[in-house]
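First the structure, which I've put down as structure tokens, then a few questions once you've had a look.
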Amino acid sequence: MSIKKICVVVTARPSYSRIKTALTAIKNHPALELQLVIAGSALLGRYGNAVEFIEKDGFTIAEKVFMVLEGENPTSMAKTTGLGVMELANVFYRLQPDAVITIADRFETIATSIAASYQNIPLIHIQGGEVTGNIDEKVRHANTKLADLHLVASEDAKQRVIKMGENPDMVFNTGCPSIDLADEIKNNPTLDFDPIQKYGGVGVEIDWKQGYIVVMQHPVTTEYASARKDVEETLKAVYELDMPTFWFWPNVDAGSDGTSSGIRAFREIHKPQNIHFFKNMEPNDFLKLLVNSKCLIGNSSVGIRECAYLGVPVVNIGTRQNKRQRASNVIDTVYDKNEIIKAIQNRMDAKDIASENIYGDGQSGDRIADILANTELSFHKTIMY
Amino acid sequence: MSIKKICVVVTARPSYSRIKTALTAIKNHPALELQLVIAGSALLGRYGNAVEFIEKDGFTIAEKVFMVLEGENPTSMAKTTGLGVMELANVFYRLQPDAVITIADRFETIATSIAASYQNIPLIHIQGGEVTGNIDEKVRHANTKLADLHLVASEDAKQRVIKMGENPDMVFNTGCPSIDLADEIKNNPTLDFDPIQKYGGVGVEIDWKQGYIVVMQHPVTTEYASARKDVEETLKAVYELDMPTFWFWPNVDAGSDGTSSGIRAFREIHKPQNIHFFKNMEPNDFLKLLVNSKCLIGNSSVGIRECAYLGVPVVNIGTRQNKRQRASNVIDTVYDKNEIIKAIQNRMDAKDIASENIYGDGQSGDRIADILANTELSFHKTIMY
Amino acid sequence: MSIKKICVVVTARPSYSRIKTALTAIKNHPALELQLVIAGSALLGRYGNAVEFIEKDGFTIAEKVFMVLEGENPTSMAKTTGLGVMELANVFYRLQPDAVITIADRFETIATSIAASYQNIPLIHIQGGEVTGNIDEKVRHANTKLADLHLVASEDAKQRVIKMGENPDMVFNTGCPSIDLADEIKNNPTLDFDPIQKYGGVGVEIDWKQGYIVVMQHPVTTEYASARKDVEETLKAVYELDMPTFWFWPNVDAGSDGTSSGIRAFREIHKPQNIHFFKNMEPNDFLKLLVNSKCLIGNSSVGIRECAYLGVPVVNIGTRQNKRQRASNVIDTVYDKNEIIKAIQNRMDAKDIASENIYGDGQSGDRIADILANTELSFHKTIMY
Amino acid sequence: MSIKKICVVVTARPSYSRIKTALTAIKNHPALELQLVIAGSALLGRYGNAVEFIEKDGFTIAEKVFMVLEGENPTSMAKTTGLGVMELANVFYRLQPDAVITIADRFETIATSIAASYQNIPLIHIQGGEVTGNIDEKVRHANTKLADLHLVASEDAKQRVIKMGENPDMVFNTGCPSIDLADEIKNNPTLDFDPIQKYGGVGVEIDWKQGYIVVMQHPVTTEYASARKDVEETLKAVYELDMPTFWFWPNVDAGSDGTSSGIRAFREIHKPQNIHFFKNMEPNDFLKLLVNSKCLIGNSSVGIRECAYLGVPVVNIGTRQNKRQRASNVIDTVYDKNEIIKAIQNRMDAKDIASENIYGDGQSGDRIADILANTELSFHKTIMY
């Protein structure tokens, strides 16, 4: 039996966490060969240098693709994507994979989808079928229509992909590999490192040992002009609550400068004594930090997925996660200081939040590798109705 | 009331015919302003120089976008598309349209879709919801998922787009503007020019006045290696039938060289005395040629759409039109000389083929302009289920 | 007489200072029309947002060209340049200028040169004929060989351009427009603003009123790995001297991260109490700051040019300015803490440094406009020997 | 001793002939490793498919780079070059050569120069220092200023490169490798194949055995609008002379369509009975054809170089070869039917044209390999004055 070459394109720090255990499973599977391509902001220091963590985790990188055009506005997002198509077309031409995996719904993931499908390489989409809003929503479903095999993270998502006209035989609910990481942490939740000592970061030394909250807020692409105002509401709420807080800088997106400069300005003016800022953290350490926190605040999908499994209370702000399926750990609110404070207090009072399996059971990586090994892949498809 | 700026991107000769009457209607509508962008192979002499016909038809061209990367293989298709995204992002940034129209399903049409939707410009997709095969199939449905408003050509297509999760309020069956052109011809079908005198072309002077057939065969993208073999079967069939034939060169696609060199080689060897070759023809003249022909042979969508309305018998070969809805004018066959001959004979014996309205009634252009003027456009959407 | 359209491409903050008075003179000249294109890092917030100063100065921007590919390594420098050629080709095609001006020797300036000369547009090179090192040296002379008209900043440079085989009739020593700005300041040198109040910046409030030094150090492209080590030597020297210091962040170049992260790390560890950091300053304010300083330290060409005219003492470190002609204001040294300290002390003891005219007399902008208006431009040339 | 990796970028059919023996010598040299990159029109069927000849000659191709943007106008020339920089930057990043060779002066050769020099890879320029006109003139000298080592084809060229400010220790007159090929033919000049049988081509079977002339005329970039008119003069002259003629289609350049369509139109109208057309020929066969011809007509540099060594009479038309050094075999004329006829007759009457060595002695390939092996390469340089 011949070995299938599976090319995975990781274009951003958060995408890596969503695929890591699948990468390991592909690498270790006797019928598969992993071709790992790191691209876009995953290569850039100012978005957390994901590539370093990836190499440290023992993965061999087949190609690095610099494709981010500076500008951080909608035009540069489009042009980054166009450049990505051109570059990835070359990469796939050279690597000649048997299949290409594109992950989720970031704007540049459609570059992977086009470069693969236009070259008649079977395309596999991870984590289609969910519902959010903004450009992510369009990109995710367009990826579904370009893909030949769908590995989704929830039953809800599976039904949605099938409804869109995909062949049910090619849609599998594998759960999300990010839950595999969460599972390890769930089984071993001790916070066995000092976050500030290990990761540095900027801001005052906060006394986090008596309890802390975590904030991770990304700009919302189609409203990037308001990114700065949005982040200010969260900053004011957290500042007023005056609880020890770890705050994570946003990753790349149009508007990143809005959010980032909002944070910088706030720091200069208010010199908050309860917030310490991090740029990045190894995924495992980040989950340990979460599981030991009182609450996660912001608009990260980690709150919806991993925190559901870990039973971490979450205040989800704004529209970024839109209609993604929620477990009972999440409360939603809007960008308003007072509402955010109220929601945080609600979550801190919540008792015994149950772990829920809706985004996976901790076995997604292996399940994905097995499906890749055992499914006959094609680059032809026709809508089912 | 402010005027809506509607930017239409035409990337190929056949797309122009599919949109022409809508362009006229937009241009003439008091509430709309037309921004016409000509791109890709529509600018190139060796694909018929569509741009010249467009200018001759009185349209002002807002921008010309050279984006075709030479190579005519799947990799250059992907890279042409990536380049198109980059170039069109600039164009839309400059023109600041209120909406962008992308047409149908050629591989490069997704460049228009990405460049518009990523810049938060409402995207309108013309002629989604149909079913064919190959890369066109993927591109068409991905365009649907990136688009905010859908103007489809048949009831069948409308239902399919809605099933895919689009908001029914944003899906309109306008019919295909190409049928508007067909309608003019249907009302005035006389062949009032000598094709060879007017268009030159190459090959012998055939005696077409006693009846002729027309061939138009494009390479099928994902099988481009076999494009040459495919065209040879059709050539042999037409050569053996020895009826006066007008043959149109294929337009750009991966494999164009396979088809073109197949034709060239056949000409050199067999010096066929019954075939005259054209590179291009004005759309109106082409339809007049069809309506006066005995039969159209090949795999062009003209056979499925316009010929249904005109009642022209059609032999459709191979998978290119796949599951597109057929009227009674069409008979399908495969790339086999004998089968093609049989099918042609069957069609020539067919009597009184009825005109059918499934792809439009001749009013599509005006209907499209009215919908554009009266529909509130947005660049946000969420799947309906 | 027809008006000549002169298209000037500004790709970086420092280039703007070198051309500003010429832009004004072109804009005001009855026989000329200015088409100002802002590109590359001049558009980006993290390199000082030059575009804002430019608009504030009253210039209309004909086109903005985003072309900086993130990565800050030699490969991304090359790709940024390639992208620049593609984008600027479009821009010149649209603007149809009668001549294009490319400025000096930054790596991306050759993109302007290629996009213009390949489209048969007369190319004017500002500030050729100088001698430095590294990639700047190659780029500058390549620009000379692509250009049709040469407006250089010193007699030395003029002779060198002629020696390279250019037609002496097309080489003019106009002086450097940056000296025009310096001339205004020389005539009105009072420091009439509080730098920290006006520009914010980061770091402690230093007591600058009793005298201060200024540091501006850029990474040297071909040695970018050592950029961090280089900046540390300067940091240590300035820290040890403990004099009030204004330090300017470097502008974009490969290695920018080396220099920037060196500064950031030093700040975190040593928390220097004598250094205040600025990201950017309006050119006029910057010159006022210099003329009132005790000394400029670093490797900026401002030290070689403007400071010669202003009589400001300069410690020039390393190879970046290499063989550029020096006035008596400059002392050269190497990247070694002790040597830098020694050189600074030498310059602070220097008395009455004379103003020297070698890079211009304050009339360059008008002189450039007149030459543009009165010289017949061509896009053909042949080497003179 | 470590092996030096020498990366050679061949972007067009004629460049291959100019480097072929050097490629062989590099490949065979114990201290060198050849990394051969084939790019641009050298990959395209409609420009003669040089890549096939190259593979047939036994060379392994390290990378193929598709970079030709369709359009064949000055804008697409510029954009092809920009795309080339982007693509070649990737290629050099992957191949990590110790030096890169760029050949001569075609417009896209500067892409190789930039991609190498910006990545701090020593750049070697073959055949600098000559003088022609048009954009080639600018590109050639810009390549010189970007290059670190210069391997030129004549003493005249060597002196010119040194005059331009290059270090004399880095300028070598190796002669032109194309003369090495010519030398083989000179020693074995029999026309041992039937050109029409071996290469097909189009047009009538001419009776060439009693003597024939050869035409090779390329469009002149900066005058592409007049390319068609130019070629018509030559066509009329050759048609009127009515001697058996082999005519070679032009290779890619802006204006190629002008020349090509000029030829096509002439063929359709006049159906010339004395001209047979070829698209391409293996270099050796082409030289044999020349050495047995009565005269070469057109503007190819083959007439200036190889024909000097072979003693073949040449009518050089127009400005394309401008000031390149001539041997006694050449007579120059202008694009005028009558003048061309007169010049051809003059050349046919010329007796015993001597072989001249000005462009090489037949040992260039080996000489180049030896210099590459024995010269210490750097990517730094400074102008000598």
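As written, the chains take the letters A, B, C and D, and residue 1 is the first residue of each chain.
FYI, a contact is a pair of C-beta atoms (placed from the backbone, for glycine too) under 8 Å apart; a residue touches a chain by one contact, two chains touch by 3 or more.
For reference, the UniProt names are A, B, C, D = UDP-hydrolysing UDP-N-acetyl-D-glucosamine 2-epimerase.
Just so it is clear, the structure is predicted and the values come from calculations on it, not from any experiment.
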{"item": "Result of counting contacting C-beta pairs for B-D and B-C, higher pair", "value": "B-D"}
{"item": "Chain of greatest Cα-centre distance to chain B", "value": "C"}
{"item": "Centroid distance [mean C-alpha coordinates] between chain C and chain B, Å", "value": "53"}
{"item": "Euclidean distance of C-alpha centroids - chain B vs chain D, Å", "value": "41"}
{"item": "Residues of chain D whose C-beta touches two or more other chains", "value": "75, 79, 83, 86-87, 90"}
{"item": "Chain B contact footprint on chain A (complex, rising order)", "value": "74-75, 77-79, 81-90, 93, 107, 110-111, 113-115, 117-120, 131, 133-135, 137-139, 141-146, 160, 163-165, 222, 322-323, 379-383, 385"}
{"item": "Chain B partner contacts - residues on chain C that touch it in the complex", "value": "86-87, 90"}
{"item": "Residues of chain B defined as touching chain D within the complex", "value": "41, 43-45, 66-71, 75-76, 79, 83, 257"}
